[in-house]
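Labels run A, B, C and D following the written order; every chain starts at residue 1.
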Amino acid sequence: MNEYPMAFVTAPGRVEFKNRTLPPLKDDDVLIKVKASSICGGDIHLYKGKHPLASLPMAIGHEVSGEVIELGPAVSKIAVGDRVAVEPVIVCRRCYFCLRGEYHLCQNIGYQYSSGQGGFTPYFVVSEDWVHCLPDFISYEEGALLEPLAVAVHAVRKAQIEPGHYAAIFGAGGIGLFLLQAVKAAGSGEVFIVDLLEHRLKTATSLGARFTLNAAQEDPVERIFKETQGLGVDRSFEAVGLEKTLQQSAQSLKKGGICVLIGLFEDPLKVIFPVNLFVQREIQIRGSRGYCWDFQVALELVKNGQVKLKPLISHQLPLQDLSRAFEILLDPKSQANKVVIQL
Amino acid sequence: MNEYPMAFVTAPGRVEFKNRTLPPLKDDDVLIKVKASSICGGDIHLYKGKHPLASLPMAIGHEVSGEVIELGPAVSKIAVGDRVAVEPVIVCRRCYFCLRGEYHLCQNIGYQYSSGQGGFTPYFVVSEDWVHCLPDFISYEEGALLEPLAVAVHAVRKAQIEPGHYAAIFGAGGIGLFLLQAVKAAGSGEVFIVDLLEHRLKTATSLGARFTLNAAQEDPVERIFKETQGLGVDRSFEAVGLEKTLQQSAQSLKKGGICVLIGLFEDPLKVIFPVNLFVQREIQIRGSRGYCWDFQVALELVKNGQVKLKPLISHQLPLQDLSRAFEILLDPKSQANKVVIQL
Amino acid sequence: MNEYPMAFVTAPGRVEFKNRTLPPLKDDDVLIKVKASSICGGDIHLYKGKHPLASLPMAIGHEVSGEVIELGPAVSKIAVGDRVAVEPVIVCRRCYFCLRGEYHLCQNIGYQYSSGQGGFTPYFVVSEDWVHCLPDFISYEEGALLEPLAVAVHAVRKAQIEPGHYAAIFGAGGIGLFLLQAVKAAGSGEVFIVDLLEHRLKTATSLGARFTLNAAQEDPVERIFKETQGLGVDRSFEAVGLEKTLQQSAQSLKKGGICVLIGLFEDPLKVIFPVNLFVQREIQIRGSRGYCWDFQVALELVKNGQVKLKPLISHQLPLQDLSRAFEILLDPKSQANKVVIQL
Amino acid sequence: MNEYPMAFVTAPGRVEFKNRTLPPLKDDDVLIKVKASSICGGDIHLYKGKHPLASLPMAIGHEVSGEVIELGPAVSKIAVGDRVAVEPVIVCRRCYFCLRGEYHLCQNIGYQYSSGQGGFTPYFVVSEDWVHCLPDFISYEEGALLEPLAVAVHAVRKAQIEPGHYAAIFGAGGIGLFLLQAVKAAGSGEVFIVDLLEHRLKTATSLGARFTLNAAQEDPVERIFKETQGLGVDRSFEAVGLEKTLQQSAQSLKKGGICVLIGLFEDPLKVIFPVNLFVQREIQIRGSRGYCWDFQVALELVKNGQVKLKPLISHQLPLQDLSRAFEILLDPKSQANKVVIQL
């Protein structure tokens, strides 16, 4: 157990395992035997060598669940045997933002993977403050998905959705499908979800979406205005990261509406935005970054049955098939959604 | 049709029908053939002669649904044959509050029943602005319940519930059971519902409540703190109107929490409140009055399946049995919940 | 008095007076003897033939004050002799937004000037609902400026400024200088105001700005971060309408900060925005359109002495010099700020 | 310097000095040479033996300013010679509330004085995190008043005052006069301030209050409705702690208005509240506890000149006259406001 492999993307399209030695557990650290670890859109950006904010080589994987098998000397809230999901941030606890409880804006924020500890590996060490206990009825595979669900929950809270609000979600990938469920859990009225891929829209339908719009076949903005008596939606979510969908997210809003931006743009310096929309229709665009006290909310929504994690898992593979997992995700014919590595 | 009966409480415990002549339809009026009309807690206050704000004789009934059978000359949004629920307010449209869209605070607010038009009657006349179309899958009996649901929705919006919030509801009568559903629809985490009557708590369980607390058997505040790791709930709702439950609603709050008050107190001038709680735990109490743009939200929640109206209907009776309906409601053995008069 | 002249821009750079006949006063109309009428940035867009939303010929002028000299038959709140400022909107009072009190988003919104009644004219007719009484200590010239002040007040309310917030204002023209005062009136901490013209920054200094930044001489974003210990400002205001200042408004924000956009862009379809800033720093951009219940607030701020109108008036001219007034405004050497036409 | 005196109330009406030994400075502690220390209403509760939450003997004094004269080994933000005001809380930094930045709600909150370190003493030891640097133009006597100003700032933020709001303040003691200034700094419109003592109302007038109401001479609720066209105020503040003023604070509100409660009640278990007001007028009562990131805001308001500290200081006395200082405060003829002990 002292030496164990951990996956890195070392060059575009290239996943390699490097050996790592188990560090001693510091005061409040827990040692986790990893059970499931899923692939994020950010990992795909890295795999393609196109991550807008990070460069290669880089450890990958940050959607991690497992069983606690050892405790640091000062651990008080977690016990050996606990089934947990990991919140993979590293924050300073001392800066302006941390002291105010907004740790996702920490001036010194890091992530486990960008600090060298990826999630595709059998062991994971993290402070007890950053693990969240899973009830028995949530499997490890589902538990790994708590991280992207927390991203969606954060965006929904940022949107200040109120009961009865109409919403539109651009992008029906993993984040989009979590947004769909979180938006419905927050009491929204009609929800529109937009994508180009039919299999994603089918999953959306199975998760309760009434309006699934294929943007290859119809103009989503036109349709949204038609179905809302010419008013538009109260809230929209951009979970793609393209100029076109950003424009549509803004255009589909009701006057006074709010668009929440979650997607990162691979080519941000070329995005033209129809800027007079802001004033003419008094709309807002709000960025949503990561999560902050959102794992707790995500867990409540899963416990209540308002959010289902399992239908998003399209593939489960062993650790040695990690490269193949990326190939599956990049192959449109695979109809992949979330791909989970089991350990 | 020109003469038709309408029910009044003329003295405590006494319901009488008086004949009324159909008024001519003004510009934007619609004439409704009433199909269902349910009894509200306010009606019971009147029947007992203990309404804190109104005196006898008084028309009763304001939870009304029916079919539109005739239109005033300027009606443009409603058609003959529409199935509708009535929002029974009368507002001036010109005062400070109306102009700002807060019509429930109208300086000249009235209600249909207090202006002489009760709801236990075969015909009802109201401006098209105050009817809400019912989809086919909502029965008239359910449609009549949109009014108390709107009361609950207004309270939930006033509470500014956020996904994951823990909530406690004091009172599992009609409003309490709608609050339960609306609070869950808004994405709350654990919900506690408190009452003295076991059959009401059973209905709450069937509507998805996990924690039903019988205050005759346990101290609800103690239990709530036990189940929330000593923190208390983020939001509480007082839907009873008694000193004891008001105190418990405040005491069960997490620091910084919000209690929404919906119940009217029959004996308001004797209510002692543990007032230092406000400062010590930085809590809030917010009154919630009626509804304002809440029928629309209520309809969305019913359409989405997040709120069920039918399980609240315990009795259905014809108009001539109206007196008996009140007796049923006052008899604890009847285990009544909402009693609907069918026409 | 039955025939009187009214100014139009008939072609770029061309102001013409057309004769107009006094219409009969409808129910709640009041007839105003115009005393002062000032020139807005929108008028300059029209004069240059570059208004992004309107085409020529067009009546000009909508910042109007005067004395009420005649009343329609149903006027009840205003008396002959009242000194008033005009709120120049035309709204339907029946649409989704009007009913909710958000009349600035009215589905059928118009403005007096775009409906044919400009403000550079001796008589003005408007419903009593859209005039605001001026206390004696506010002159007519100042009263005409209530309209642009209301624009600034609306933007400040949209920004949800809290006491102690740091703010940056891009653009020290009329709106910028009103923003400066309204932001300070709302309890902000340090305020930065940015422009290219030294005389505007001098006026800003005289109005209490501590940090006046000339963007021709230093990088305002760099300076703002230097003066805020590397944090940036809580709120920024874009009151220019250029790609560069929009970018700077966003870049100067503290993480989690809010930029309010007031300026209209003459060339909106070419504006590139560094869009990953939204997610990386979790910032917001909010459009601010016109005013809605803001004249009332603007009046309170003037009555309290928190906002001064007079220092913004650089030139006062008679009606026949209207063309010259535009020339003054377009001449950088004139050091003009607000130019008021006196009648 | 190793032994120094510190003041305690040992019995009602009895102030005694006990000798204390200087503790060694822990990591981030700073040693302050106290220069000024003022008396709070809470100290008076203690002196009278009627504090609702604390029992005798008890150290007194927590409004402290001074010069930093020694640093613990890990201090990094503060230097010897810094002029500072002290924020006298003790929080755990680990509980639910601390982690979220709401340290005033800390589950383990304490105060320096209740932990044995009062403020009427020549030396004070506190972590560098809880001192706030004073600019040169703020005297030490003024600096001591930053603490009660922070209480007022917290209440004003809790009230969510918006520009133009009308407000009423019940109680023109120290907190009331700071509330007056903070409410005006936040952009309020008309402000009413109510008290029984004429000299306090005079100070209020000198601080810019337009409506000073002597409740011994007129009914403040009646007057407020008369001056607000029958609407009432948007926000009220209860800074007395009596049943009567609590009732008036609620009754003077506009429908939908918010009352913020700051005063502690000496006799809380007898307070009857007209509880149907909550629902009938949809009002809110919000408790305000202490401060949380409010010293920073308070400093901004003083730096901007929006709040003046000096006019509140009615008496300055040396440490040996502390008992006499309490007598002055309890003597209505002394017309005392804030009494500052100078060292």
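Definition applied: a residue touches a chain if its C-beta (ideal position, glycine included) is under 8 Å from a C-beta of that chain, and two chains touch if they have at least 3 such contacts.
Since the model is a prediction, treat every value here as computed from it, not as a measurement.
Touching chain A and chain C together: B, D.
Two chain pairs are in question, B-D and A-D; the one with more C-beta pairs in contact is B-D. In this assembly, the C-alpha centroid of chain A lies 45 Å from the C-alpha centroid of chain D.
Taking the mean of the C-alpha atoms as each chain's centre, chain A and chain B sit 40 Å apart.
Within chain D, residues 102 each touch two or more of the remaining chains. Residue ranges of chain C in contact with chain D, taken from their complex: 153, 156-157, 162-164, 182, 184-190, 296-297, 300-301, 303-304, 306. Interface of chain D with chain A (complex): residues 99-102, 293.
By the touch rule above, chain B contacts chain D in their complex via residues 52-53, 96-97, 102, 104-105, 107, 158, 230-231, 246, 255-256, 261-265, 268-289.
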